[in-house]
Amino acid sequence: MLDKVVVKHLRAFFNKNEALHDVSLNFAENRVTAIIGPSGCGKSTLVRCINRMHEVVPGATCTGEVMLDGEDIYAPSVDPVQVRRRIGMVFQKPTPFPTMSIEDNVAAGLKLNGINLARADRDRLVEQSLRRSALWEEVKDRLGRPGASLSGGQQQRLCVARALAVEPEVLLMDEPCSALDPISTARIEELLLELKESYTIIIVTHNMQQAGRCSDYTAFMYAGDLIEFGETRQIFTTPARRETEDYITGRFG
Amino acid sequence: MKVSPAQRRHDSYRKIKSNLMVGLTIGATVVALIPLFFVLGYLLSKGAASVNWDFFTKMPVPVGQVGGGMANAIVGTFELVGLATLMGVPIGVGAGVYLAENRGSQLAQVIRFAADVMMGIPTIVVGIFVYGIFVKPFYGFSTLSGAIALAIIMIPLVTRTAEEMILLVPQEMREAALALGVPSWRTTISVVVRTAISGIATGVILAVARVAGETAPLLFTAFGNRFWSTSLFQPISSLTVQVYTYAISPFADWQRQAWAGALVLTAIVLAMELGVRWMTRGSARVAR
Amino acid sequence: MADLAETVTERVAVPRTITRSRGFGVRSAGDRIFNLSTLALALVILALLFGLTLQLFTHALPSIRAFGFRFLISTDWDPSNDVYGAAPFIYGTAVSSFLALLIAVPLALGVALCLSEMAPAWLGRKLGFLVELLAAIPSVVYGLWGVFVLGPWLRDHVDPILAKYLGFLPFFQGPHISVSMFTAAVVLAIMVLPYISAVCTDVFRVVPQTQREAAFALGATKWEMVRMAVLPFGISGVIGAVILGLGRALGETIAVAMVIGNRPEISASLFMPSTTLASVIANEFVEATSDLNLAALVELGLILLVLGLILNIAARTLVYSATQRHFHKDKR
């Protein structure tokens, strides 16, 4: 089983503040890897470095390598725009584009890049993406309605569909359920199990039970360092490090 | 704690004083609003009768004669304002985008300051400026120069509105588009500006309403024309200048028409203001 | 589900490579072009501001060289003899603006307090909207109304009262004329009031509710609460609003030109016609008899410009700091 994404000696900075201290980590293909840790431990920063979103913030930089199928995405000749087409992201807060309909939202990744499909192809893509994110049945009759007219959980699934429509290979999810109610959360978690057949999934979560339920591998981070990484079962039953055990048992965070 | 009679007297004095001051502020508001009703009232009473078919379709007649209308002035105002909008809005929105996208940069702060400062320049000074750079050396009084003067007044207004509206678009929206692999410039145009567009549009309408009512900058740029203006390089009439010319003239019939012109002008401007208020009811404050 | 995937994936031409074929740097050509374009458009604003100031200065140069500083204090404005002095206009602008503020500021403060403190929110918004309508009425319309309605009314009903009770002051002596400094001041006050009151209302609204509640908890009456909690907070903003109003009053051209009488002389009586910097430019620019005449008028415009710029900068600095301060103060 191959590693889809390999992080090597990654250090991330916000101006002079070092947010990630020399993190190295492998993400297996077609598996779900969860990143857990208390607030401020750098888990969001880590995933944002993986799809080169970290540098979007003014003053944010990083050093080290992130390999996608063996190619370093931080090589000087690499276009971050292309990286983000292969590594998609779903954010904590659902952000459907308010001026677009549901179907336009799903197709946004293509439309905004000037890729204009024939009507039939577009409709097929929209349907496929919405089915993949388990939203199709609920919205198939109102694809023309504004994206913002959906409930929170539905909006988040719309964002997943939107991310999937550009056919990424890796899907990053930064606390995707923290703004959602328990039922929507459960739907998204079910989704993960289906999606991992086709995608490599990296999910940041502050909810340990979610990590325990949904992921194959878990990484525990604390204060910018990777403390422990391994199979989820092992991490949660017999953690090797004392910090991990303290976190799992709720002693802090 | 027992309250002494002196204390009680003092308390009621305080209460009376407070009520008095409240009353004064209400009175001030009433006094401030009285002119509004009087101006609108007189406009209607003195101008309504003269706003007739002739007014909208006929041209001004020679000095001293009775009759005629302001057809060319009305069209002139539309032409000048339309042209000014075409010139001013792209510059204003573009500048607003730049300021919003480069918030921290020193240059952006200087430009933002310059835009603010420009808003306080008396408009007659803008007229002098355009006279000096365009009217005198080139074509003389012209529609184009009038439009340029109005555009100069519009630009800082549109810039600040565009910047404020763009900044209101949440950063998450931007990031969501970037994460889809959309290049930064495309994100700005197709997502950020597109989301802010209705706010920007209302700001543009307010700027249009503002310049439609301007007279001073047109006095020595567009100047005025008794006839139709057939080219951009000819002087052109406008409602504001026409009303001004008629109002200060000694001819009773011209003064009558001035009231009609003022009524139509005010109606146009207020319609735009009210339209914007109605459109933005309930949403975020429109940039001043 | 799987079968749909293949058919569409073939058609979706999403590039698979992440390396670009040419060019350095992280940003693509599209980004660079876009940034340069917006920068260019933004620089237009700077260019306009500098160009305007420079242009006015150069065209006023003949007059500046001919008259020097005397220009500012000389009362001789004589186009037929090519002699020019700005004193009557500076005086007229200063006095008309000052008077306008004298009338408008107390009223505007009252309006602002009423809207932000006294009236319930829904009423405050509606009234505030009406006050803003005052600002929307075009200048020439105020001028028209001023010439035919307000001026005569003031002359017939207000001037006699002022002359009767305050006639010992030179300001209220002399014949009563409908086009006068006094009429201009009143019209200016009406036009300037909505701007001052709008800014003051904003400044008062920014005062944190906790301050008001603290005052009430101490047993303050409504007015005492305003004095204790609202006014002290807003003082710099109010000053800024006043300066803003002053800047507006200075620059107001057409309405003033129509009601002030355009008499380039200084007289003590407010009932006499007068003139201002802006109105003389409006009246005489097109009929300028000589190059020096034009230059002198441009120099008047330059004075207006400089005054307007200074006042605007001062006002915005004060108002900005007033409305910003509270956000920082409340952050604990």
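Letters A, B and C name the chains as they come in the text, with residue numbers starting at 1 for each one.
Simple rule for what comes next: contacts are C-beta pairs under 8 Å (C-beta built on N, C-alpha and C of every residue); 3 or more make two chains touch, one makes a residue touch a chain.
Everything quoted here is computed from the prediction, not taken from an experiment.
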Remotest chain, chain A as reference, centres from CA atoms: C
Chain whose Cα mean lies nearest the overall Cα mean: B
Interface ranked first by C-beta contact pairs: B-C
Inter-centroid spacing, chain C versus chain B (mean Cα positions, whole Å): 13
Averaged-CA centre spacing for the pair chain C and chain A, given as whole angstrom: 52
Whole-Å gap separating chain A and chain B, where each centre is the average of the chain's CA atoms: 48
Residue list for chain C, restricted to those that touch at least two other chains: 28
Two or more partner chains touched - positions in chain B: 183, 186
Sequence positions of chain A contacting 2 or more other chains: 81-83, 85, 166
For the chain B and chain C complex, residues of the former touching the latter: 14-15, 17-18, 20-22, 24-29, 31-33, 35-36, 38-39, 42-43, 46, 90-91, 94-95, 97-99, 101, 108, 110-111, 114-126, 128-129, 131-133, 152, 155-156, 159, 183-186, 188-189, 209, 212-216, 219-220, 223, 240, 243-244, 247-248, 255, 258-259, 262, 265-266, 269-270, 273, 277, 288
Residue numbers on chain B that touch chain A, as the complex places them: 104, 170, 172-173, 175-183, 186-187, 190-191, 194-195, 197
Chain A to chain B touching residues, read off their complex: 51, 53, 56, 58, 81-85, 88-89, 91, 93, 95, 97-99, 108-109, 112-113, 159, 162-163, 166
List of chain C residues in touch with chain B within their complex: 27-28, 30-31, 33-35, 37-46, 48-49, 51-52, 55-56, 59, 106-111, 113-115, 117-118, 127, 129-134, 136-145, 147-149, 190, 193-194, 197-198, 221-224, 226, 244, 247-248, 250-254, 258, 278, 281-282, 285-286, 297-298, 301, 304-305, 308-309, 311-313, 315-316
